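Each chain carries a letter (A, B, C, D and E) given by its place in the written order, and its residues are counted from 1.
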Amino acid sequence: MNVSEIWIPLALTLKLAAVTTALLLLLCAPLAWWLAHTRSRFKPFLEAIVALPLVLPPSVLGFYLLVCLAPSGPIGQLSAALGGPALVFSFPGLVIGSLLYSLPFVAQPLQNAFASLSSEQREAAATLGASPLDRFFSIALPQAKGGILTATVLGFAHTLGEFGVVLMIGGSIPGETRTLSIAIYESVEMLEYGKAHLLAGTVLALSFLLLVPIYALNRSNRFFQR
Amino acid sequence: MNVSEIWIPLALTLKLAAVTTALLLLLCAPLAWWLAHTRSRFKPFLEAIVALPLVLPPSVLGFYLLVCLAPSGPIGQLSAALGGPALVFSFPGLVIGSLLYSLPFVAQPLQNAFASLSSEQREAAATLGASPLDRFFSIALPQAKGGILTATVLGFAHTLGEFGVVLMIGGSIPGETRTLSIAIYESVEMLEYGKAHLLAGTVLALSFLLLVPIYALNRSNRFFQR
Amino acid sequence: MKISFDLQLRKGDFYLAAKADLPADSVTAIVGHSGAGKSTLLRCLAGLEKTALGSIQVGEEAWLKEGHSLAPHFRRIGYVFQHAALFHHLSVAQNLNYARKRSLDGELFPLEEIAQVTRIQHLLERNPQSLSGGERQRVAIARAIASNPQILFLDEPLSAVDETARSQLLDELERIFRSFQIPALYVTHNLVEAARLSSHALRLENGRITSNAVTRQVLTPTQIADGSDPFSIVEIRSRRDLPEEGLAELDTAIGPLLVSAANLPRELPKCILIRGRDVGLSLSLLPETSILNQISATVRSVHEHSASQVLVQLSCQGGTLYALVTRRSAQRLLLAPQRPVYALVKSVTLQAEA
Amino acid sequence: MKISFDLQLRKGDFYLAAKADLPADSVTAIVGHSGAGKSTLLRCLAGLEKTALGSIQVGEEAWLKEGHSLAPHFRRIGYVFQHAALFHHLSVAQNLNYARKRSLDGELFPLEEIAQVTRIQHLLERNPQSLSGGERQRVAIARAIASNPQILFLDEPLSAVDETARSQLLDELERIFRSFQIPALYVTHNLVEAARLSSHALRLENGRITSNAVTRQVLTPTQIADGSDPFSIVEIRSRRDLPEEGLAELDTAIGPLLVSAANLPRELPKCILIRGRDVGLSLSLLPETSILNQISATVRSVHEHSASQVLVQLSCQGGTLYALVTRRSAQRLLLAPQRPVYALVKSVTLQAEA
Amino acid sequence: SLRIAVASNFHQTLSKIAAAYQGEHPEAELVLIPGSSGKLYAQIAKGAAFDAFFSADVERPKKLEELKIAPPETRFTFALGVLAFWQPGSQAAAFSQTQTLARANAQLAPFGAAAAEATERLPFPPHRTVTAVSVAQAFTFAQSGAADSAFVSYSQLRQLGIAEREYILVAPDLHAPIAQQAIALNTRAETLAFLKFCQSPHAQAIIVADGYRTP
C-alpha cells in the first residue's frame, strides 16, 4: 500500500470536513441566534426540523438526496438551470450532503450557547455604541466560545466519520468523492483488514492530535473566561 | 406490506434509543460535570477521547466492536466469564455499540451546559445546607435544562438513525437486532423503494411528532428560566 | 437642550406611565422607593425595553416616535447599570478600550485620566470577575465615561462603594459632569446624594412621576412623607474664601453662611444642603459657642413630624430653612408662626456630603 | 460561643492573612475599604474558598483544620451575598422554600413572618430576574433567614436598599439578631450601620486585620484616619421613657441624654452613636434654645482634623465624647486641655440611624 | 478513462483483470468503483457517470437494460459464485458443529439466497442465523469469531488463503446458480473492448483462479 492511498483520500476528507464545518458555522450562527432568542410560535417546529436529519440512516438520507440532487431531480435541475455544478458524484454534492447531515450537531450546541448568554452584557455593549452585528461578534461570540468549539468539533468529526451519505451521493470516485471513511469502509468490505487497520489508526491518531491542542487551548482560556 | 413489518422494528428501535439515551445521560452526567469543572492537565486528552467515536465510520467502529465483543474477543470473554449475556447479535450488544457511538452527542452538550452555569448560585445553595449531590439535582440540572434537552435529543435521534454499528454487531435478527434503520436500508438495497418511502416517512413523522412537543415544552418554561 | 418623554410600559403587574420634560444640560436625579420603576425608566430611555410605547425627544433627535425607535447604539449614552455588567471575557483595560473604540467624535478624556479619577489604575490588567463589589462599580463608571457619551445614565452607581471612595467619587462625578459638560440622569435612593449632584429631580412612585422640578423643590421636606430625613436646599449666590482658616463664606438665599472650604467642590455649587436635624433654634444670639452660623429667622409654620418631633419651617431673608426639633423644645420656646428666632447651624455640618 | 480563625489565602496579587478571635454570640461588623478583603474573608469562613489554608474553630466545631475542611453545607450559616445570587429557575417563594427544606432542627421563624419583615410578600410568586435591585437584596436576606442558620453572614446586605427600607430593615435585622439570638458577621462600608448593629468589630486593611475589638473601640474617631465622619459610641446604662413627649431619657457613660424614643429600637440598645459634627460647644449653659442636651465636659485634647476643623476629645463624667468644630470656634473659645465646656447635642440628631 | 462500478465481492478479481488488460493496452486508464450492488444500481439509475457495471446478481443489470439506461445486448455473465461453508479455526469443517450461522441477506445478495437454499437441504442442527447485508459482512462475522460458521464466497477464502480443512465447498446443485452479470453503460469502443477482454480466456483464467466458476 503506497502513501497516496492514504494521502489522497485524507486530503479530500480534510477538505470536505473543513468546508462543511466552515459553511455550517456560517449558516447555523444566525439560525441558532434566532432560535435562541425568538418567541415565535414556530420555534419548536423549526427546532424539530433541524434535528430531523439525524433520525434517518445516513445511507437512506443519501438515497433521498441522490433523488433530489440528480440531474433529473428538482434541485439538480435548478442547479443546472442556474449554470451551477453537477451535484451528484461531485465534491459540491458531497458538501451539500454533509451540510444537511451534520446540521444538528452544529446548530444545537450553538443555540444552547447563545441561549445561555445573559442579555445584560449585550445591553451594556449597545449603550456603549456597539451595533447588533458588532455586539454579536464582540460579545456573544467570545462568550459562547465553549459552545462554538463543541459545534465545530462535533461538526468536523462527524463529517470526517460520515460515509453513508457520502457514499450514496458521491460514488467513491478517487480523488474526488472517495473520502477516507469510504476507503476504510471499502477495505473492510474487501477483507483487506491490514489496510483498514492502518487507515483507521491514521484517522484516530490524527484526530487525537488535532483535538488535544484545541481542547487544551480552550482550557487555558477558561480561567480568564469564568 | 403488513403492519408488523413496521411495528416490530419500530418498537425495537424505540426501545434501543430509549435505553441508550437513558444510560448515556446517567453515564455522561458525572463525566461531563467533571470535565466542566476539573483543572486537571488530562482534561484535553479526555475530551479528545470522548470525541473520537465520531471520526470513524460507523461500520468500521462496528467492525472493531465486533472483534472486541465476539465471544473470543476481550470484552466478550470477560462478559462470558462474569456470566453476562452474549454481546454480539443481541440487544445488549446493540446497546453497548450505540452507547459508544452516541457518547459525544450527549457528553459534549452536557459539558457545555454545566460549564456555563455560574458558581454563585451553587455556592448560595451550599450555604443553605444543600449537599453537593443536592446542589447538582436542585440547581445545576434545572439550570442546565437546555443543554440536557439537546443532549437527549441528539443522543436519541442519533441512535434512531444509526445503522452502521448496529448492522455490524447486531446481524439483523428480526425482533431482536433488526432496527428500523436497517429495515429501511435493506429496502433501499432491494430496490423496494415504496416500502423504503413508507418506513422513512413513518420515522420522520414520528420523530417530528415527538420533537415538537418536547421543544414546545422547553420553550414554555424559557420565560421563567431567563 | 431638553429631554421630553411620554412613556408607557407594562411588565407583569408593573405599569410604568411616565411623562416629563427635563433639562438635558445638567444632572437630573431620579429618586423613589425600591420598585418604583427608576431602573425601568432609565432602560426605556436607553432603548433597552423594546416594548416601551410613547415618545422620547432628546434635543433635536427623536429617539422614540410612533412606529420608530432609534436603536440603543445610536443613542449616545453612557449607562452605568445597577449590576455592573462588565464584559467577562475582557480585562478591565479591554473593557475601557471597548467603549473607547466605539465612542464617536468629540473631545475625549484620556483613559489614564478616567482610570485615575475612578481609582482603578491598579486593576487594569485584571479580569472583572475577580474584582470586589466596589471595584466593579468603579470600573463600570469608568467604562461609561470612556464611551464619550452625550448623556450619562447612572443607576445607583455608588451603592457598593465605601464611604471614603464614595465621597471622592461624588466629587469627581460632580467635576466630570461640570467640566466636561456631560448631562446625566442619576438614579439614587440617597436623597443627600441626589441633592448634592443634581439641579433637577424626578420622583417616581409606583411607575408614575409624582414630582418633576428643580431638586430643591422635589426634595422639599414637606413633599416627602416617607420618614426619611428632611432637609433644606439653599441656593448659593456667591462665595468668598478665607484661606487662612480653611473656611468659605457663602452668600445664600438665607443669608451668609460659614462653611469648611474643604467640604465644597472647587466650583461654586449651586446650592447647599442643610439637614433639618442639624438646625437648632435659639431665642437669642449665642456668642460663647462653637456655633458660627446664627441666622435671624421667623417661624412660618410648625408641622408634626413624629411623636417627639416637629418640623419648623423658617423664613430667613426670603429663603426657606427647615429645622427639626423636639416637641418639648418647641413648647419651651413657644414656637408659633411669626415668632422671631435664631437658626443655629454648626458650620461643620454643612458639608455637601452623602 | 467563640469563633477563632487563622486564615491564609492567595488570589492573584491579593493575599489574605487574617487571624482573630471573635465572640460568636452577637453581631460582629467587618469594615474596611473597597478591596480590603471583606468578602473574601466571609467566603473563607463559609468554606467557599477551597484553597484557603489555616484553621477555623466555631464553638466546639472545627470547620477548618490542617488537612480537613468541613463542607459548606455542614456549616450552618445563612449567607447574604453582595450580589444576591437568587435561584433563577425558582420563584421567590420557591427560593425561600428551598432554604427552608434544607434547614436543620431548631425553632423556625414562619416563612410568612420572614416575608413580612423583609417586605416581600407581594413578590412571592415572581421570578427573581424580574425583581428590582432592592427587591432582590431583600429576598436574599429573607432566604438566608429561612435557612434557620446558626450564624448569619451578611455582605453589604443593604447597599441596594433605599433609605426608608434600609432603616426599617436595620430595625428588623436588629430585632432578628436579638430576639432569635442569631449571631452574625456583618460586612458594611457604612460605619454608622456597623456601630448601630454590632457590639464587636473587625477592621480589614489590604488583607490584614488591623483592629479587632468592641465596636466602640474599632470605630473610635482617632483610630480612623480616612477622612470619614468621626463619631463617638457611648454606652447606655438604662432608659426611662417619657411617653407623653415621645422622648426617652438615657443614662449613659457621659451623663443623661434625651432622645426621641421613636429613634431607639424597642430593646435597650447597648450604645448610642453621636457624630462629632453634631456636637457643638459652649462656654455657658444655653437655656433659651432648642438644644436639650447640654453636657458639662472637660476638654481632654484637641486634634487636627482638616484645614478648617479640629476634633475635640471631651471627658464627660468619665465617658468620652468627640466634637468636630471649626478651627475658628476653637480659637474663639480658647479650647485647650482642661478647659471646662458644655457639649451641645440636639436630641433629634441622636437617632441610631444610618 | 473507464470508470467501472463493481460489486465489492468481485473488486479484487476485477483489479487483477484490469491489470492484465492494462498490460496489453498500456494507454488504457481504468478506475474501479466498488460498492454494494444495490447502491451502485441506485447511483447508475440517477445518472452516475460509470462506463460499465459488474453486479453481484442478474436482477440489476437486467433492470437497467429494461429501463433503457444501459444499451441492449451488452449484458453477460462473467462469473458463477461458488458458495462455501466456513468454520474458522476448526480442524475439519462440519455442518453439525454449527451454533451461530452467518449468511448474507437472501434478498440483498445472491450469495445469501443461495445460502438460504442450501441451509434447507443440508444437515444442520438447530442453530441461530444472523444475516449480513453483504457476503463480505457475513465473512467478517465469522472471521471476527462473532459467528462460528458462515456461508461465504469461495473467492474470499482464496483471497485470504484460508486453510482447506476449515471449509466445505457447497455442491452447485444445492442451490440456484449464483450468476453475476456485467453490463456496459454506454457503447464507447473502450467500454466494449474491456468487456470483451473480460470474456477472454485470459480473464476467465484469472476468475477461476480466484475461486469462481465460469458459465
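Keep this in mind: contacts are C-beta pairs under 8 Å (C-beta built on N, C-alpha and C of every residue); 3 or more make two chains touch, one makes a residue touch a chain.
Just so it is clear, the structure is predicted and the values come from calculations on it, not from any experiment.
Chemist: Would you pick out the chains that touch chain A and also touch chain E?
Modeler: Expected: B.
Chemist: Where centres are the averaged C-alpha coordinates, which chain has the largest centre distance to chain D?
Modeler: It is E.
Chemist: From the mean C-alpha coordinate of chain A to that of chain B, what's the distance rounded to whole Å?
Modeler: 19
Chemist: How far is the middle of chain A from the middle of chain D, if each middle is the mean of its Cα atoms, in Å?
Modeler: About 59 Å separates the centre of chain A from that of chain D.
Chemist: So how far apart, in whole Å, are chain C and chain D when each is placed at the average of its C-alpha atoms?
Modeler: 26
Chemist: Centroid from C-alpha atoms only, then distance chain A to chain C, rounded to Å. What do you get?
Modeler: The separation of the two C-alpha centroids amounts to 56 Å.
Chemist: Multi-chain contacts only, two chains or more: what residues does chain C have there?
Modeler: Only 83 qualify.
Chemist: Among the residues of chain A, which ones contact at least 2 other chains?
Modeler: Those would be 59, 63, 188, 226.
Chemist: Among the residues of chain E, pick out those that touch two or more other chains and give their numbers.
Modeler: 39, 42, 137, 140
Chemist: Can you name every pair of chains that touch?
Modeler: According to the stated criterion, the contacting chain pairs are A-B, A-C, A-E, B-D, B-E, C-D.
Chemist: Inside the complex, what are the residues of chain A that reach chain E?
Modeler: Those in contact with chain E are residues 59, 63, 66-67, 70-73, 88-89, 167-168, 171-174, 186, 188-191.
Chemist: Can you name the residues of chain C that touch chain A in the complex?
Modeler: Its residues touching chain A are 46-48, 71-73, 75-79, 81, 83, 85-89, 98-99, 102-104, 127, 129, 143-144, 147, 153.
Chemist: Please give the residue numbers of chain E that touch chain A in the complex, ascending.
Modeler: Those in contact with chain A are residues 3, 8, 11-12, 31, 33-35, 39, 42-43, 46-49, 134, 136-137, 139-140, 143, 156, 159-160.
Chemist: Over in the complex, which chain C residues touch chain D? Could you list them?
Modeler: Residues in contact with chain D: 11-12, 32-35, 38-40, 82-83, 126, 130-135, 138, 155-156, 159-167, 189-191, 226-229, 245-247, 258, 260-262, 276-278, 280-284, 286, 288-292, 306-309, 323-330, 332-333, 344, 346-349, 351.
Chemist: Note which residues of chain A are touching chain B in the complex, please.
Modeler: 43-45, 47-49, 51-52, 54-61, 63-64, 104-105, 108-109, 111-113, 115-116, 119, 146-147, 150, 153-154, 157-158, 160-164, 181-182, 184-185, 188, 196, 200, 203-204, 207-208, 211-216, 218-219, 222, 226
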